[in-house]
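A, B, C, D, E and F are the chain letters, set down in written order, and residue numbers restart from 1 in every chain.
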Amino acid sequence: MFYHVKELQYRAKPERPDPIYAKKLQEILGGQFGEISVALQYLFQGWNTRGDGKYRDLLMDTGAEEIAHVEMLATMIARLLNDAPVNAQEQAAKDPVIGAVMGGMNPQHAIVSGLGSMPVDSVGNPWTASYINASGNLLADMRMNLTYESQGRLQAVRLYEIAEDRGVKDMLSWLIARDTMHQNQWLAAIAELEAKENVVVPSTFPRELEKQEVSYTLFNYSAGNESAKGRWAYGPSMDGCGVFNYVENPVPFGKKPKLKPAPKWVHDTPLNVLRTSDVHPDPDTK
Amino acid sequence: MFYHVKELQYRAKPERPDPIYAKKLQEILGGQFGEISVALQYLFQGWNTRGDGKYRDLLMDTGAEEIAHVEMLATMIARLLNDAPVNAQEQAAKDPVIGAVMGGMNPQHAIVSGLGSMPVDSVGNPWTASYINASGNLLADMRMNLTYESQGRLQAVRLYEIAEDRGVKDMLSWLIARDTMHQNQWLAAIAELEAKENVVVPSTFPRELEKQEVSYTLFNYSAGNESAKGRWAYGPSMDGCGVFNYVENPVPFGKKPKLKPAPKWVHDTPLNVLRTSDVHPDPDTK
Amino acid sequence: MFYHVKELQYRAKPERPDPIYAKKLQEILGGQFGEISVALQYLFQGWNTRGDGKYRDLLMDTGAEEIAHVEMLATMIARLLNDAPVNAQEQAAKDPVIGAVMGGMNPQHAIVSGLGSMPVDSVGNPWTASYINASGNLLADMRMNLTYESQGRLQAVRLYEIAEDRGVKDMLSWLIARDTMHQNQWLAAIAELEAKENVVVPSTFPRELEKQEVSYTLFNYSAGNESAKGRWAYGPSMDGCGVFNYVENPVPFGKKPKLKPAPKWVHDTPLNVLRTSDVHPDPDTK
Amino acid sequence: MFYHVKELQYRAKPERPDPIYAKKLQEILGGQFGEISVALQYLFQGWNTRGDGKYRDLLMDTGAEEIAHVEMLATMIARLLNDAPVNAQEQAAKDPVIGAVMGGMNPQHAIVSGLGSMPVDSVGNPWTASYINASGNLLADMRMNLTYESQGRLQAVRLYEIAEDRGVKDMLSWLIARDTMHQNQWLAAIAELEAKENVVVPSTFPRELEKQEVSYTLFNYSAGNESAKGRWAYGPSMDGCGVFNYVENPVPFGKKPKLKPAPKWVHDTPLNVLRTSDVHPDPDTK
Amino acid sequence: MFYHVKELQYRAKPERPDPIYAKKLQEILGGQFGEISVALQYLFQGWNTRGDGKYRDLLMDTGAEEIAHVEMLATMIARLLNDAPVNAQEQAAKDPVIGAVMGGMNPQHAIVSGLGSMPVDSVGNPWTASYINASGNLLADMRMNLTYESQGRLQAVRLYEIAEDRGVKDMLSWLIARDTMHQNQWLAAIAELEAKENVVVPSTFPRELEKQEVSYTLFNYSAGNESAKGRWAYGPSMDGCGVFNYVENPVPFGKKPKLKPAPKWVHDTPLNVLRTSDVHPDPDTK
Amino acid sequence: MFYHVKELQYRAKPERPDPIYAKKLQEILGGQFGEISVALQYLFQGWNTRGDGKYRDLLMDTGAEEIAHVEMLATMIARLLNDAPVNAQEQAAKDPVIGAVMGGMNPQHAIVSGLGSMPVDSVGNPWTASYINASGNLLADMRMNLTYESQGRLQAVRLYEIAEDRGVKDMLSWLIARDTMHQNQWLAAIAELEAKENVVVPSTFPRELEKQEVSYTLFNYSAGNESAKGRWAYGPSMDGCGVFNYVENPVPFGKKPKLKPAPKWVHDTPLNVLRTSDVHPDPDTK
């Protein structure tokens, strides 16, 4: 169950409105790696954790914090949209800078949300649950979480760099710091789990059931062999269970596939048509 | 540029058709963590790498291999769909097991693809590029790649467990082994990059620009403090630049937000309506 | 900012597992009118409310409650998935009922979420933010909220009817009661706003700017005139500002549109081709 | 069955082309609350009405009218795109206002549709059937229809406010008037149905099957109690069947959920790993 | 503008309900090549036709007919859903055939639409406007239309083959016949346009602006040369403007791409990290 | 199985960066008819071909080529994004042309991909597999392929027209030439298949099972009869099996549908409510 307090986790107040920047800032609210993604991903992972304890608690703590970040961004975006001018062309005729600004605004901020934030990314794609996952395997999920905090902090930093407003930068410096913590905490959880389980997910699948002869092989499927120069091509594998090897000219292990004709009711191209076409006079022998 | 050879990387032949399993196997072809996702993700990351060298090459090698995995799964699914019965109810009347099987088949395998595989997941959602990313930052992207191989191997293992066909299990044991390698190789690349860059992405953002006072703080936003028991709550942080600390009863740092009224042209609820409503006689004082 | 308490708002415990029902129950978790929709819709409406006060508070209260409902459903679904059998066909061979059950399970509950709930609907479509809105106009939004509680309660009632498990029915009877309250509360808010603003949204647009001659006209665009029998066809309009009238045989007010040719750089079908085709010998005059 | 007449319901002719406005106007053609949404929603509701009569007829009448509105908007947008300049930068170099205009045009209007309208919204999201519904319950559906006409009229009014072209404003004044009628007609239908069924949807579910003790309770899940000041917190409920009450400090009714471990074949995090982690030495006692 | 008549274009009455078949039949209502797709595609192409005349008229005629087909399918599906049993497991316990049937029903037909049809395909994906197009170039669009009628008739035929109900087959035999006509009519339009414009779309782009040396070349990018046996590899090209030629061992015409480093503000992987990694001791020289 | 060579099929180097054009060029990379669509469509059609031979080989050849086109476009877009300016407003203040340019850039090119290409279209919609199909029927699929090359070449030509950079035009002239070939090759395959199968897809469905009386009939569903002037209205049908005929005033063949009431558990509007409403006093008789 959840309680809301009306104060923000951290302040979210720009120096002045800026509807173009509002559009861009949507990326870390409603984009692939935005705050809605991490909030719902951590909550679902917490709810799906089969077993009590500190991992579930950590996920719920962080999920609850991320909703507070959605709230901060929603507030900031609404404020960046204050006083948006009505009419782009009229303004543009007077002042080309304003014209450029209006041309770059998200029109739905005016027409759809009435100068409020929206659960969309910086080009207007609605947030979708196909961004996230909760698999029941904590090591897999913690790696996903680390990924989201890494991509998310990267985006927040880019937004910091292209911002000029000190209020915006102030709020972003908070979010960036929290992403530092969240990367650190998922790294800590991963370290703990890897220490107990080794590094390959899932750790519980019997090794003898996989084709172990290719479990540590790098196949070089592109001309040239620069990929041979990496740590991944020679020496002990990262899981300590094998030795990396490099195959410079990989060949197929399987055969050319030949599929059975479809039953008649499917009305695929009939075999006699396919076959006739195969006996089309060979140009080389004409 | 790409060349195709007609042989498969590894064999993809079931002992017998099984249209329900074909539907499930779609998950690792066209699902969130399926082979289309990794193929296109690695290729886009390779193409976007600004600078030549071993990382770009490794990404292209692995991307090319993943298209071969799409090919193996497409072949296997087409063969699992061989001879699918026409008519579910007729069959069900004769044999409830066949009836159950037909009820669980993906109807599009019959109606849309004519007994071929499709770029969809196990419930029929079409593959979407919103699953993937190529950010230009290799450490962020390698973590995403490790995530995809972790979730992907987990799904392949689950599909192995619910399979009975030896041909299917044979092919999955190949894909699972390759996922072992791919987890190992991305771990190796990550280890190399972290050694040069430290662990927080992006490593190039000046630390003094973030609110460092909360860069290593765990806020306990849920009742109870089981989350205090983890490695993430005390001791040196994973990046070696700070010390974790735990705030049991976090309070807001910001104020209650109050948004300015919208301009008249937006036709939001007018302020006098909002205000009148605020002076609605308080039931406690009536 | 949000706090989580570990206890559920209301209990969510089935008598026994039922993976098919788990699939169906997803509808009111992650479907169009499910709990994720109402949670995020109310929160965004609250955050976008320009002006403080009771409406914003009510929206935040209810939004926070709806996340607790997501939590209850997530818990219930995970428990309905306990002990799901591994292998459909093997089971089906032994027991056709189990076979039928397994055929009807959402395969992603096994392969993707590891027997956890997912942010998807009952056929597996991921939740999307295109379901929801926060317009800045409270009367418009309260009507949307009433709609969501109406459709949502209808779906919960249908799920109650097709449930047999007493634990499931117990939880649904709670959610249905809450939907009763939420319909009542949005009706109360609507009544209050309509009393101040009249019933047409937005109320602030000057009436003289719309084509008032058709503001209360029902055009009968289908053969037959059963639609003339409704309250909407005669008598004073609902907003008290006009009189309904019924046009049995409506005619067009506009002309046949004729579009200008496209500029050459667009490479639409060239006009001479279109025109030549127009002078194709008329079959009647040949 | 449907017949088309070539004349428009009302004229759709701008004074002059304006490709940026064309992009914005797409919102009420192909957006969430645009004319495609209402057209298909009313038609599906009509087709699904089980029983003949005036409601079905009204839905079909209005659905047919909405296709005519799609036609008017499609025509208007094509005309707003007449003579779009070829080359943004060249123009921008000469005239920054034109440059700003071109930068704000939807590039697909040039590249994809050849200066025609598209079934997309103002940021280019394709229309999706996940916007709409037809539930079989008329009161639920009429509320959805009222919602769509409320949000739709709001958007049309905002587009009117940011328009300058008299032809555009003329057409919008028609559509706004029709939305006035459509809000009035759905309000009339709702009034009729509520008079027969009472206000809670669905009206046919036995009241004794819901947890009536919370059917009229407002739980205050956020700090502060401004929400207590509304009509929804005290007095008789809107359905006349209960009395609103307000719970200032709601507590959980359920227990802390504890989920059973997953079966082994799922390869979730094994319980011993979870447990070991739970006995991680408590930092406070070290 | 559109008028509706209440009678169906052709009868749509099954002999008896069949909720599984109802689910499958959704494919040609709301799937990629279903009736909603063709209805909206033809209407948008008609509305976007710049120039009056027979093509626009033909598109509007056929678009209007396709809405009538949506109506027939919606009616048929509602009737196939009549009397759907409430409870799958209860039924399954009594009768495994009914159990299998219920397990294969679309749960949204019960929970969401109340036994009505939906604008979705046979696995429940909502219809999306990303299926369709209207490009302004009639030859391109007529080919798209021919494609949709070809794929659509193929699906209708497959549905005919797996149907047993004489009422369903009767209706499908009508739709299949109409698809025969529509393929014929688009073929006729294509023949007319190709006669005037030649076969390559768009016909108006100056040939000298394309790299004519590869305008008729088949590059053999896969091992083996079976593709050399087709009409496309030798002889005059289909547009009569060139001669097909076959390159058995194609080589790249471009160079290995090398991208410039990103500016610092982007925080891509820094060049020194990339470079250091490139001088990782070459395993061959160790 | 696939091999990658590092050289590009053809050069992809602009004269200078242009981030707005980069955004537009995304259309033919990740849009509906872009290179990802054709690459995956041809590969899936090849993999699903049931039978060996030249068609499968041709599809694989062309699919492999199209991945090389994705690679060229990805490279070109990354180069068009070189040195993108950081800050739109700062630049705009100095130089309105640069300001206009920045306002029109895709913000995700800066924030998400770090100045790399993305698998999205020109407005930012992620590529989706719902664009493509592989039906198992080659004639249906070859028509789809011809459609994609027709629409794709049209879009490439439009992009050529609005380009100014000679490097961009050079690359587009290559892609346009390849589209010329691909239209020609699919036309050749279609000609071959139609010669063997006749023109209506699928050719294998017995003619006597369709309602032949309407297989060659054009129903005129719109007022006016311009559509009668086409080749499709009179004379022998294109398949040579019938004679086109034109019905100027088509009437319904079916009856007015009347649906049975839903079972009680569905909680649709109860019949007595519907009925009562039908006996609402007729205004004409009051």
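Please note the rule applied: a residue touches a chain if its C-beta (ideal position, glycine included) is under 8 Å from a C-beta of that chain, and two chains touch if they have at least 3 such contacts.
A quick map from chain label to UniProt name: A, B, C, D, E, F = Manganese catalase family protein.
Small disclaimer: the values here were computed from a predicted structure and weren't measured.
The set of chains in contact with chain B as well as chain E comprises A, C, D, F.
Fitting chain B to chain C on C-alpha positions gives a rotation angle of 120 degrees, to the nearest 5.
More than half of the contact pairs at A-C come back, by residue number, in D-E, the repeat among B-E, C-E or D-E. Chain geometry summary: the mean Cα position of chain A and that of chain E are 29 Å apart. Rounded to whole angstrom, the centroid-to-centroid distance between chain E and chain F, based on C-alpha atoms, equals 8 Å.
Among all residues of chain C, those that touch two or more other chains are 1-9, 32, 47-48, 50, 52-55, 57, 60-61, 64-65, 68, 75, 78, 86, 96, 99-100, 103-104, 110, 112, 114-115, 123-126, 128, 130, 133, 135-137, 139, 154, 157-158, 161-162, 192, 202, 205, 221-222, 224, 226, 228-231, 252, 256, 259-260, 262, 265-268, 277-278, 280.
Every residue of chain A that touches chain F in the complex is listed here, in rising order: 18, 20, 23-24, 27, 31-32, 96-97, 99-101, 103-104, 121-125, 154-155, 158-159, 161-162, 164, 221-224, 252, 256-262, 264, 266-271, 273-278, 280.
Residues 5-12, 32-33, 52-58, 60-62, 64-65, 68, 72, 75, 78-79, 82-84, 86, 110, 114-115, 125, 128, 130-131, 133, 135, 137, 139-140, 143-144, 146-147, 150-151, 153-154, 157, 160, 173-174, 176-178, 180-181, 183-185, 187-189, 191-192, 199-202, 205, 209-222, 224-232, 237-239, 242, 244, 252-257, 259-260, 262-263, 265-268 of chain A touch chain B in their complex.
On chain E, the positions that touch chain A within their shared complex are 154, 157-158, 161-162, 226, 228-231, 233-234, 265-267, 277-278, 280, 282-284.
Taken together, the chain E residues at the contact with chain D in this complex read 1-9, 30, 36, 40, 43-44, 47-48, 50, 57, 60-61, 63-65, 67-68, 70-71, 74-75, 78, 112-120, 126-130, 132-137. The touching residues of chain D, when paired with chain F in their complex, are 1-6, 48-55, 86-90, 92-93, 96, 99-100, 102-104, 106-108, 110-112, 114, 123-126, 135-139, 192-193, 196-197, 202-205.
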